[in-house]
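In what follows, structures are represented as structure tokens.
Two complexes, one shared chain (chain A), two partners (chain B, chain C).
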Partner chain A sequence: MDLETMLSYEWGAMMPEFIILGVVTLLSLLDLFLPKQYNRKSLAWIALAGIILAIITLISLFDLEVTSILHDTFRLDSFAKAFKLLLLVGAALVILLAESFSPKEGMAENRGEFYYLFLAALLGAMVMSSSGDLITLFVGLELLSISSYILAGFRKKNLASNESAMKYVINGGISTAITLFGMSYLYGLTGSTNLIEMSGTMSAVFDGQFQYLLGLAFFMILVGLSFKLASVPFHMWAPDVYQGSPTPVTAFLSVVSKTAGFIILLRIIISLFLMTPSDETGALTFLERNSDYIGFLAGITMVVGNVIALRQRNIKRMLAYSSIAHAGYILVAIAVLGYFTFDAVWFYLVAYLFMNLGALAVIQLITDKTGSEDISRFAGLYRTSPVLAVAMAIFILSLAGIPGTAGFIGKLTIFMGAFSADPGHYVLGSIMIGATVISYVYYFGIMTQMFFRPALPTEKLKVPGGIMFVLVLCIGGTVLFGLAPNIAFDFLHTNFGSFEDFLQ
Partner chain B sequence: MSSFILPSLIFSPLLGVVILFFLSKNQEKAIKIVGFLATLPSLLLSLFLYVQYKAGTELSDFAIKEAWFTFGNLKQYDPKLFAVDFELALDGFSLVMVILTAVLSTLAAIASIHIKKEWKGYFILFLILQVGMLGVFTSQNLILFFIFFEITLIPMFFLIGKWGYLEKEKAAYSFLIYNGLGSAILLIVIMVLFARTGTSNIEALRYIMTVGGVSLIAPISGVMKYALLIALLVAFGIKLPIFPLHTWMLRVHVQAPPSIVMLHAGVLLKIGAFGLIRFGMGIFPQEFQKIAIYLAILGVINLLYGAFLALIQTDFKMVLAYSSISHMGIVLIGVGALNEAGIQGAIFQVVSHGLIAALLFFLVGVMYERVQTSSIDRLGGLAKIMPLTSGFLLAAGMASLGMPGMSGFVSEFMAFLGLFKEEPVLAGIGAIGIILTAVYLLRAVLGITFGTAKQPVPLPAEKSDIRAIEMAPVLVLLLLIVLIGVFPSILSGPLQGAVEAIMIGIGG
Partner chain C sequence: MMENAWIIPLFPLFSFLFLLLFGRKMKESSAYIGMMLTFVSLLYSLLVLFDRFTAPTYKAEATWLTIGDVQLTAGYEVNQLNALMLVIVSLVSFLVHMYSKGYMHGDERFPIFYAYLGLFTFAMLGLVISPNLLQLYFFWELVGLGSFLLIGFYFFKEEAKQAAKKAFIMTRIGDVGLLIGMILLFWQVGSFEYDEIFKAVSAGDISAGMITLTSLFIFVGAVGKSGQFPLHTWLPDAMEGPTPVSALIHAATMVAAGVYLVAAMFPLFSASDTAMLTVAVIGGFTAIFAASIGLVQKDIKRVLAYSTVSQLGYMMLALGSAGYAAGVFHLMTHAFFKALLFLAAGSVIHAVHTQNIEEMGGLWKKMRITGPLFLIGTLAISGVPFFSGFFSKDEILIATWEHGNFGLFWLALIAAFFTAFYMFRLFFMVFTGESKSNHSNTHESPGIMTIPMIVLGILAVISGYVNTPWFGTFLGDWLTEGNEALGHGHIEGPAWIMIAATAVSLAGILLAYLVYGKRSVSRDFLGGEASTMHSILYNKYFIDEIYQFTIVSITKAISLFLSFIDRFVVEGLIYAVTGVIRRLGKTGSAFQTGQVQQYGMAAFLGLAILLVIFVLTGGYIL
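Now for the complex of A and B:
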């Protein structure tokens, strides 16, 4: 590759990534050379500025046609734009949470590291959403994972945090190996790592013997990626890691990292298996024939997440199981694969971003203050700080999928997909609704604490500016997209159409 | 200008919510007055609608329809596909329900003077509950209906769980889970219909299901129709409630504060009946015909089960709770009869029981306020210290057992008339329930007012009868009950059109 070809690429398409990369470099240098007594807290603002700049550049790229550079390893299509926007907005909110985080231990001494590791993870996720090649996809995934491993063990002197980081690394290693193993079969079959070329080879011919190899690869990849989604069978790490990590890291893992998981899942399985025939006639594609297995995983994930959450007393653990359940809901949208899949996944992730980050913001505040994560710490919150209690109530209602909130519309979109298919996915839809009703019990358990129980004798909570901002934005998003979902849908459709360019 | 009326009718209570936000939580009197006043605009507007209707204005003039949101990006093919509009409208049936809701809300706001704590939160939730109830009866598409339906759920959970009696939290949870399940089933039905037909508009769905000939997104088979109808019956059966899905409702009746039970027994249970008639009969008329007989049987079971158990209760609230189950049986009997008299009777019973149950629970609240118990064993001879209250209680009891000249008689008479035409044997068995009703009500009411208590509770020494402000709701309710009993045409007039439309759908 000579200089001329290098220059002929439209590097502008990669601008948001470059900005984040620049900020990561800047922050790591600053952290290294700044004097020890300098408070690293203010580095958050640089990180935030970088993210906002990246958002602005990304928005300015919306009008750009599908751009693919570096031999199609990096492509900027509607899918990449739409999901990158989610990642960046989520990241900006997490940075704000981290800025206001003042725990007893852990964050204080190496705060600087937190910011650049976090941005590095974000960069990995962004690369994933834009990659058209298994290699870049995998590099993005590893960048995200390795940064997350370190973040999970951030409270160096805390036993629980160390344990959770260890579990996370081991689980992550195994799952990555499984994914990679699955990918290797696909490479062997097609002789390429470029997703479009691979899809072309796979859909061109049908050979009955390949079906088993394809099946093996499909399941390996699906199972391996469930780690990032925190869905069954690789969900066991989530409760421990969510509980052991500092709350901003929990927020990152449950929102940004999960979004990234869905991005890579959609990228791989839709680009590769949607066009692949499953028999000579080509009546059913491979994905259609095997989508029941995704549905099966989705069903177990929803039930496991919600049922185990019932028994939790630790609020972060409870939220971990709830986030497992939510991954199950989104998997339903993928399993029923149809016209509404992209809409449903995107909208649900938007709703989830606001409601989950909002809930975690309140949790961070309470657990910081009281030093305990027991659910009883929420007792009488309505009396001591009514605004906070009402905010939390809104997030919980949205997580429970009550009308008037974004969570409800998200669930409706998923049901639309499930029931408009022919034959309809009634069993999966019913499991999802049943699981939602189960979730009422623990979600309203928090409500009971906040509104019915007498208050603990505590001093008044002071809400830091950063958290205040996150709360306002999250309430705004949750309620606005709940009452006027057309804003989000119109935005999606005017800017990204129906993701027609996903496979081109 | 008429397009403003329905939205302001439904959302005007929110005005009160906004004002309440600015009041300090200790200003008890101001909060109660604002809470009461905030229910008035809806009441006045609903009465205005009734007057307009009487004057000959078409109710469809008040309908509004605004684009709200659309699923998917299919506007270029068909702008109506998967669109959810914000559409409200009225027909005779919903007009009656809206007036019932508005009247009971205002009266329940008066009954809320007995609330002892946290008036601000109470009235905010109360007013949101009212918005939900009013919205349910006027929504013209299923998604909107469901949203309002769920809006009633959350305030009720808090109102029961925070302001109720001893076992309030258990009652609140059991309310939440049962109704959550009911809503979940309802949501499945709604989403299946919406996703497969592409519309959630009730009129459009009625057309698609009965007339057909419209190309659908995905087919709805005959079996599927039955499945959907039965799911609807279960969903609304929980709300109504139909035996054996009733246990949650007993807890709520006993544990919730009386002002909330007025709304619960008076309006919320009726949403079940409303849904059965509007959606069950309206959207699936042919299938409904096939299963109507089972509904009538369930109705007789409800009627007898409720009546028998009401006979042996020792708590007056429990008597009334079982009496509600028993009376909802009559609604089912009317619906199951599936002829004009039956359906008229069912709707009459919905309204009449709404008023009577509200009256009885209001009086229970008044009584409880003064003697701190509602146990029949511990109460007796209340006529001495509360002569007026006791008198009203007797009147309410008479209304409930269906004395001629009061609304209960009209509805029971019509419902049974309907069933006797179709299934005389079943109706004969059901008629036992009517006799039992008289027995259990007189036993309870007479025991409390004139009888002697087994373990008497210390009664207040001097007279402590119903106050003037408490008298107002009682008089209004009694007046309405007698009015409907004497001039049934004030109800049957508006209902005529709606019932005829249903009959045409069934083909009778």
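Now for the complex of A and C:
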């Protein structure tokens, strides 16, 4: 590649990534050279400014046609734009949480590292959402994963944090190996790593022998990626890791990292398996034929997540199981695979971002203050800090999917997708409804704690500015998209159409 | 006026928000805010009702959500049923707001109580003006939330907390049915609008099987909300809430929402004989089932709760027997007399500080206003001639007979006998005989509590006269006007039914008088408290216990089992390994590969299972 080709690329398409990369570099240098006594807390604002700048640049790129640079390894299409926006907004909120995070020990000395590792993880996720090649996809995935492993073990002297990082890294390694193994089959079949070329080769020829290999690759990739989604069968790490990690990292893992997982899953299975025929006539494509397997995993995920959550006393652990269940709901939308799949997944992730981050913000505040993560710490919250209790109630109602909240609309779109598909996925829809009902029990357990229990004798909680901002934004998002979901759907349709450029 | 109907639910909403924010400073003057705002709602509702007498149905809506080419709308509608419901809800709500000022006096969380009342009233008013199922579902859930908060208001009582949770989860089971029915209908019709659905039904666009299926699912929602068998067990427990709440939510409004839903979806139900029969049978069975439980309960509010369940069963029976007008008519009269009975019961409880009727007695002389009012309510619910309940119950019986449900007719008649008996048992035990309590200072309630009761007392007498076989069936004719799908406003029936109903209720009263009033017949004339029958009835046919032993314990077992695996098999290994490592003083918990194996194993196992299934189902053979 000579200089001329280098210059001829439309680098503007990668601007948001460059900005994040620049901020990462800047922060690491600052952290190195700033005097020791300087409080690293304020570096958060630089990180935040970088993310906001990246959001602005991304929005200015909305009008850009599909752009593909670096030999089609990096592509900026509607899908990338829509989901990158989610990643960035989620990351901005998590940075605010991290800024206000003040546990008893283990955060002060290397706070600076936290921010740039976090941004590096974000960069990995962004690259994933834009990649048009298995190699970039994998590099993005690893950048995200390795940074997250360190983040999970961030509180060096905290036993739980170390333990969770260790489990995370080992499980992550296994999952990467499985994914990579699956990808290698696909490379072997097609002789290319470029998604579009691969899809072309795979849909052009049909051979009964391929089915088996394709299946092997499909399932390996599905199972390997289920690690990032924290869905069955790769869900068991999540409760331990979510519980042990510092709360902002939990927020990052359960929202940003999960979103990234769905991005890569959609990218691979839609690009590669949607057009691949499953028999000679080509009436049914490979993905349509095997979408029941995704549905099967989705069903187990929802049930396992919600049922085990019933028994949890630790609030972060409970939320971990709840987040497993939510991954199951989103998988339903993917299994149903219709015209609305992208819309439904995107909207659910938006709703999930607001409600889950909001809930974690409240949890962070309370666990920091009381030093305990037991659910009884929420007792009588309504009496001591009514505003926090009402905020938490809104998030929980949304997580439970009560009408009037974004969570309800998210579930409704998925239900409607499941029931209106042809043939309808009644069983899956019913399992989803049933699982939702089970979830009321533990969600309302928290509500009972907050509203119907006498208060613990604690002093009034002071809400730091950063968390306050997160709460206001999350309440706004949850309620606004619950009452007027059209705002979000209109935004999606005006800017990204129906994602028709995904396969071009 | 009708085009402004959307504003009616907003006043209570404002009351809720205002009291939530400023309630603490307002203290007990919060009551005035709540009363004032619900009063405005009431005025508006009345104006809308009067408008609706002359003007046609008004409907307004706007696009709310577009998904693909599907458009969902939101709006409001004023038809006969809605207009009537608006008045019932806002009136009872206003009276309860007023009554609570006295009843809740001195409660620490007084403003919060009023805030919750506002939230509930908002949700209920919103529910009745919704023009489509989705919006109804929205408010349906909000109503459930309001009820949850109000039942659990005395959260320091363990029973109240349990009851709140039980009520929420039980009704949710019904809601799931509603949701499925709703989505199936949407799938068939492509719209949640009532009008569109009815149009599709009458045009024959939906298969007969689908109509039955969807209406049954929707009925499940109504069963949950209206406390019908087998989802009735939450309603008696809900009596743990403050008594005004019981009057508002668990007698007059929320529980009537299930009946309202069936009434609102009536053209769908009436298109399927199976669905109609199911509604009638469940209703009829619930009516007699709950009435028989009511015979032996000792808690004044529980007796009333079972009578509510039973009366709601009557309404369902009417709807299921094509007696649309009769069902709605009974919904209205019941709202008045049952709210009256609850408020009067509250007044009694307020005076004697117990809910056990065995500990009451001789209150007639001490409570000169409550006593006669309670008697009016009792006469009305027992179906004594010239009181409102008489006319509406009569319509129901005639509808049942004329529809050919003879078996259910006799059941309903027996239930009417039970009703008269247990209601007068209650009356005689509370108001006549010797005073059993030591409260020498038992006194009548203050005016702020008696005035709402007087208003309801008047309505409990006169509200029947809007629809009588003697002076004209205004209500029925008006309700069914311009819509053949709803059937006739009044169904002619044989005259002996009215006489039989009267005889049955008088017989019930007489028996109650002989046993509990005059005491000339032994209370144990049918076996006494030691008998098996008494024990079955007193324990409500052991339904709760059956649930406890089957569904709850199975769910618990599964949950325990999975949790067991997670907690002990997996976690146990973690703890074992960490323990060993700690004792050995090694490098800490960093090398805990032991338990992580389990996680990796799960993933590999999952992958293996998927691949095996894939191979077995023929991925290779094709």
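The working rule: the second predicted complex is superposed on the first by the 504 of 504 C-alpha atoms of A that agree within 3 Å, B and C clash if a C-alpha of one lies under 4 Å from a C-alpha of the other, contacts with A are read in each partner's own complex, and residues count from 1 in each chain.
Definition applied: a residue touches a chain if its C-beta (ideal position, glycine included) is under 8 Å from a C-beta of that chain, and two chains touch if they have at least 3 such contacts.
Remember, it's a predicted structure, so these values are computed and weren't measured experimentally.
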item: When chain B and chain C are modelled together on chain A, clash or fit; value: clash
item: Partner chain in contact with A:F419 - chain B first, chain C second, else both or neither; value: both
item: Chain B versus chain C as contact partner of A:V387, first or second or both or neither; value: neither
item: Which superposed partner A:L34 touches (first chain B, second chain C, both, neither); value: neither
item: Contact breadth on chain A, by residue count: chain C or chain B; value: C
item: Contacts of A:N486 with chain B and chain C, given as first, second, both or neither; value: both
item: First, second, both or neither for A:G497, with chain B first and chain C second; value: first
item: Touched partner set for A:Y440, first chain B, second chain C, both or neither; value: both
item: Contacts of A:L159 with chain B and chain C, given as first, second, both or neither; value: second
item: Where chain A meets both chain C and chain B, residue numbers; value: 339-340, 343, 397, 402-404, 409, 413, 415-416, 419-420, 424, 429-430, 433-434, 437, 440-441, 444, 448, 451-452, 484-486, 489, 493
item: Footprint of chain A on chain C - complex, ascending; value: 20, 63-68, 70, 137-142, 145, 148-149, 152, 155-156, 160-161, 164-165, 168-169, 172-173, 176, 179-180, 183-184, 186-187, 555, 558-560, 562-563, 566-567, 570, 574, 578, 588-593, 595-596, 598-600, 602-603, 605-607, 610-611, 613-615, 619-622
item: Residues of chain A touching chain C in the complex; value: 159, 162-163, 166-167, 170-171, 174-175, 178, 208, 211-212, 215-216, 219-220, 222-223, 226-227, 232-234, 236-237, 239-240, 278-279, 290, 293, 297, 304, 307-308, 310-311, 339-340, 343, 390, 397, 402-404, 409, 413, 415-416, 419-420, 424, 429-430, 433-434, 437-438, 440-441, 444, 448, 451-454, 484-486, 489-490, 493
item: Chain B to chain A touching residues, read off their complex; value: 68-73, 82, 121, 143, 146-147, 150-151, 153-154, 157-158, 161-162, 169, 173, 176-177, 180-181, 184-185, 187-188, 191-192, 194-196, 217-219
item: Partner chain B, residues of chain A touching it in the complex; value: 339-340, 343, 382, 397, 402-404, 408-409, 412-413, 415-422, 424, 426, 429-430, 433-434, 436-437, 440-441, 444, 447-448, 451-452, 484-486, 489, 492-493, 497-498
